[in-house]
Amino acid sequence: MSDVNAILLLSCADSKGIVAKISDFIFRRNGNIVHADQYTSKTDKLFFMRIEWELNGFALGRDEISAAFAPLAKQFKMKWDLHFTDYMPRMAIFVSKHLHCLHDLILRRHMGELASDVEAVISNHTDARDLVEQFGLKFFHFPITDKNKKQQEAKELKLLREMNIDLVVLARYMQVLSGNFLKYYPDKIINIHHSFLPAFAGGNPYQQAYNRGVKIIGATGHYVTAQLDEGPIIAQDVIKISHRDAVDAIQRKSKDLERIVLARALHLHLENRILVYGSKTIVFE
Amino acid sequence: MSDVNAILLLSCADSKGIVAKISDFIFRRNGNIVHADQYTSKTDKLFFMRIEWELNGFALGRDEISAAFAPLAKQFKMKWDLHFTDYMPRMAIFVSKHLHCLHDLILRRHMGELASDVEAVISNHTDARDLVEQFGLKFFHFPITDKNKKQQEAKELKLLREMNIDLVVLARYMQVLSGNFLKYYPDKIINIHHSFLPAFAGGNPYQQAYNRGVKIIGATGHYVTAQLDEGPIIAQDVIKISHRDAVDAIQRKSKDLERIVLARALHLHLENRILVYGSKTIVFE
Amino acid sequence: MSDVNAILLLSCADSKGIVAKISDFIFRRNGNIVHADQYTSKTDKLFFMRIEWELNGFALGRDEISAAFAPLAKQFKMKWDLHFTDYMPRMAIFVSKHLHCLHDLILRRHMGELASDVEAVISNHTDARDLVEQFGLKFFHFPITDKNKKQQEAKELKLLREMNIDLVVLARYMQVLSGNFLKYYPDKIINIHHSFLPAFAGGNPYQQAYNRGVKIIGATGHYVTAQLDEGPIIAQDVIKISHRDAVDAIQRKSKDLERIVLARALHLHLENRILVYGSKTIVFE
Amino acid sequence: MSDVNAILLLSCADSKGIVAKISDFIFRRNGNIVHADQYTSKTDKLFFMRIEWELNGFALGRDEISAAFAPLAKQFKMKWDLHFTDYMPRMAIFVSKHLHCLHDLILRRHMGELASDVEAVISNHTDARDLVEQFGLKFFHFPITDKNKKQQEAKELKLLREMNIDLVVLARYMQVLSGNFLKYYPDKIINIHHSFLPAFAGGNPYQQAYNRGVKIIGATGHYVTAQLDEGPIIAQDVIKISHRDAVDAIQRKSKDLERIVLARALHLHLENRILVYGSKTIVFE
């Protein structure tokens, strides 16, 4: 007997009867709904929904659901995705020289908290190699220069495809990915930015925060889009600082935030709780 | 054309088809659902739901909904309440000598933020009288002694009934209400406790927090039950303190918290977002 | 017997012996130091100090301290100010149409929490008049148009001078003060900005926050300088929001923050805990 | 040329001239004070101070300071400790089965953020062995039963003494240390408690928090004393939860808190910023 659940994430123009039709679709096939949440944007007249039900006892096999649901989806012109809770995305982590977020993800995987397989760690430096290999993971080194960037990205993409990677995490990766790279992973690349976006976008946010004299710093987990630091925000958190905190203290405090915020954003993604909507996210917590 | 919504708050044993049946009930009568949220307690196998839809275009008049819904409610043995968004609860505020929460509620009413009519302010002291009357509200003085407590409560209850009060807010009221009083207002009395419950329950939590040397203090908004300080918690928040904060500084910082936490709890109640479940709350934010 | 304290706020180039010389200055005159805090900026080699001692038993009268301290200040080329804890700054509050911060300050004054006299409330609108006069305070209406701005500011300045105002609080005042106005009140004008600066500087930060889809909003209390929204930050705080919070909900949540952050910034100023240093503050909490 | 600083932590009855005498002591020997902070408890008439100065250029060698300072300390009947910023305490970490805090400390040591040598990891279980040895640290297994507890503690103490351990961190160690053990490490044992003390002291705070229905959970870093969960609190932090968080979700969220709060408490201890005062701490941040 399976304890796997199915999850539908969908959006469409708002209209009467959507909830009724969807829940009826599940009920008639003997599905038990364990979570349903919806949001209607009044300004844009759009409807968003996450609905999760048990496959155990459900009349359809998991391979049959999409076909059965398609007519209803078509009727309401939905954008929709179907997920199953036993699917573990195949994740690649990109990192440069700051390893705290990488280390944190490895720890969470080690503790069984990460519903994802870490298939590869990719870096433009070699600082992470020992740590990664120590935990039995695969490390790939793609040094990036102004000249070789395009070729290296092509090699990285090839590797990702060969490994069937379907989720990329930028765990303090200090290279900008090209638009070409991004189009292969729409809403599938999560970055941690070490500031409270949109404050201190761009380079060296620790120094920027110090210079401005803010009393609070933050970190932002977001999907990566072609507009740098403007991707849809998934999670943010902050911590207080004071005039006593020089740039190194700001960095030390921020690193704790970054680890937690990235993990939180990743967790929400892995539980299929996020719908991207323009430059924003709907997060069904 | 009405822009009033109906809200159903319900709970029952978990069972397949509840969501489908309820949303179908609304859909068949041409209702547009604007918010639906549910929660299933796996340990207790209980189902909780809040569903809100527009009356505009709905096939039933507001007086007909209860009767029409009753058979479905009976089928699933639901506990349920039906609310309308244009109903303004008639509120009485109880206060003693600390007036910051009272003042805050008056301010919010003044700014149109409080979806409730403040019908009366009741106090065992007279400190609040001037402020209350200055804002054109009714003030009632019921001094309490060990001897007259029972009689005074009876008078207060009589007054509340005469004024058709259906929500009581204890905005730092330093008298314990009797079980007899409480039974007239089940889940309809909201108290602000000036600590992060269950820490520092009982008297003088500021002093207790100071003595213990905690680094964070809190405030708790909760429904009042016969077990003092053990009622279902609606909202909590905290603020950092340090060794420099003597009892008076703790009090000053706490007062800001108390105002906000009480307002937040009250707001959730007035929007009919809370289901009480044993000694806990389900809050559909 | 007096229970007044003296407070020295000073800054100078860092140098050995400053703490020793200053504390010796106080000790030799039989002063009891109740608070001393210092900060040395290593990058700028600057020294900042706040030192507070009891006048009770001190060898010098309050009028004699400045002259006695001047030689030491000269030796270290200090910038310094001497304050006394019984001095109540004479405050004017500027406000436009949003009255929550004004109302909050009036409440705090009413509760005896504000170590300042509210001498006047000045507005470019009349919305605040009733509230202000209801509490027995003076209200002045200076409507501002594109044409009369300069003249009205001149009148406002004249009024402030006649009333000996030495602290101006912009409690959601939606007009930009001219550089001419500002030069009369250097580090004496405190503004509350309804965003987490530097994010969403400029107009309509609620809408900006909504558009960007941030998960946290903030408020900032700062001194006003000629560079709009770039003055030295005194205090900041934040609150979480979600996709469900439309602009009006963001506004409602932000208003609570604004009241608290402005009050906190003002409290720090009134206790003479702030040294301004370039575009930043040193806050000796 | 040394860049080591000396730090004095001291407390005594409050009295005039202490700050002047201490800063004069340093100044006359050509010391440059880089941090000085003090606190006077008015209720207890006690004076607390932390003062840090550069040894570079100081007239006394580090071995001469104590003898030179002793007369002044005697005059004011001070309790005092002298520390040097280049001293790395020799730390032992105790852990049971939950490894997140241990893993976090190892990460921080790996990143050079921990001003301490991790000399040994001691556990009553073997779950941590692989991780510990993988990072080249020493692991010791002391299984505890009702019968052997006293003997095992004696062996642990012997080991700690042989390794010259001067700081013990209980990183989720689920055994209660005896009073005999504690007396060898007064204010030198730091524990992380997985609740917001004093709420949910004792066993299984996650379950307790779930049962009570709190909306916020916390973690507490504190020194260990004979009264379980009543030691002086060093650091606390909190995180919001909702009715949706079952015990396992509470645990997952709490673990992030515990790691950060323990690290923060440890950091404050390692920078010699804490004075213990009865059952409370003075933390000079």
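Per-chain numbering from 1; labels A, B, C and D assigned in written order.
Operating definition for what follows: a contact is a pair of C-beta atoms (placed from the backbone, for glycine too) under 8 Å apart; a residue touches a chain by one contact, two chains touch by 3 or more.
Keep in mind that what you see is a predicted model, and the values were worked out from it rather than measured.
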| message | Considering only chains that satisfy the touch condition with chain B, which of them also satisfy it with chain C? | response | A, D
| message | Suppose a student superposes the Cα atoms of chain A on chain B; what rotation angle should they report, nearest 5 degrees? | response | 180
| Which of B-D and C-D has more C-beta pairs touching across its chains | B-D
| field | Where chain C and chain D are represented by their mean Cα positions, the distance between them in whole Å | value | 37
| task | Starting from the mean Cα coordinates of chain B and chain D, work out the distance between those two points in Å. | result | 42
| task | Check each residue of chain C and list the ones that touch at least two other chains. | result | 242, 244, 285
| said: Touching residues of chain C toward chain B in the complex: what are they? | reply: 99-100, 103-104, 107, 110-111, 113, 131, 134, 242, 244, 252, 256, 260, 263, 285
| query | Which of the residues in chain D end up touching chain C in this complex? | reply | 14, 16-21, 23-24, 26-28, 30-38, 40, 240
| note | Contacts from chain D onto chain B in the complex sit at residues 39, 42-43, 196-200, 212-216, 218, 232-238, 242-244, 246, 277, 279-283, 285
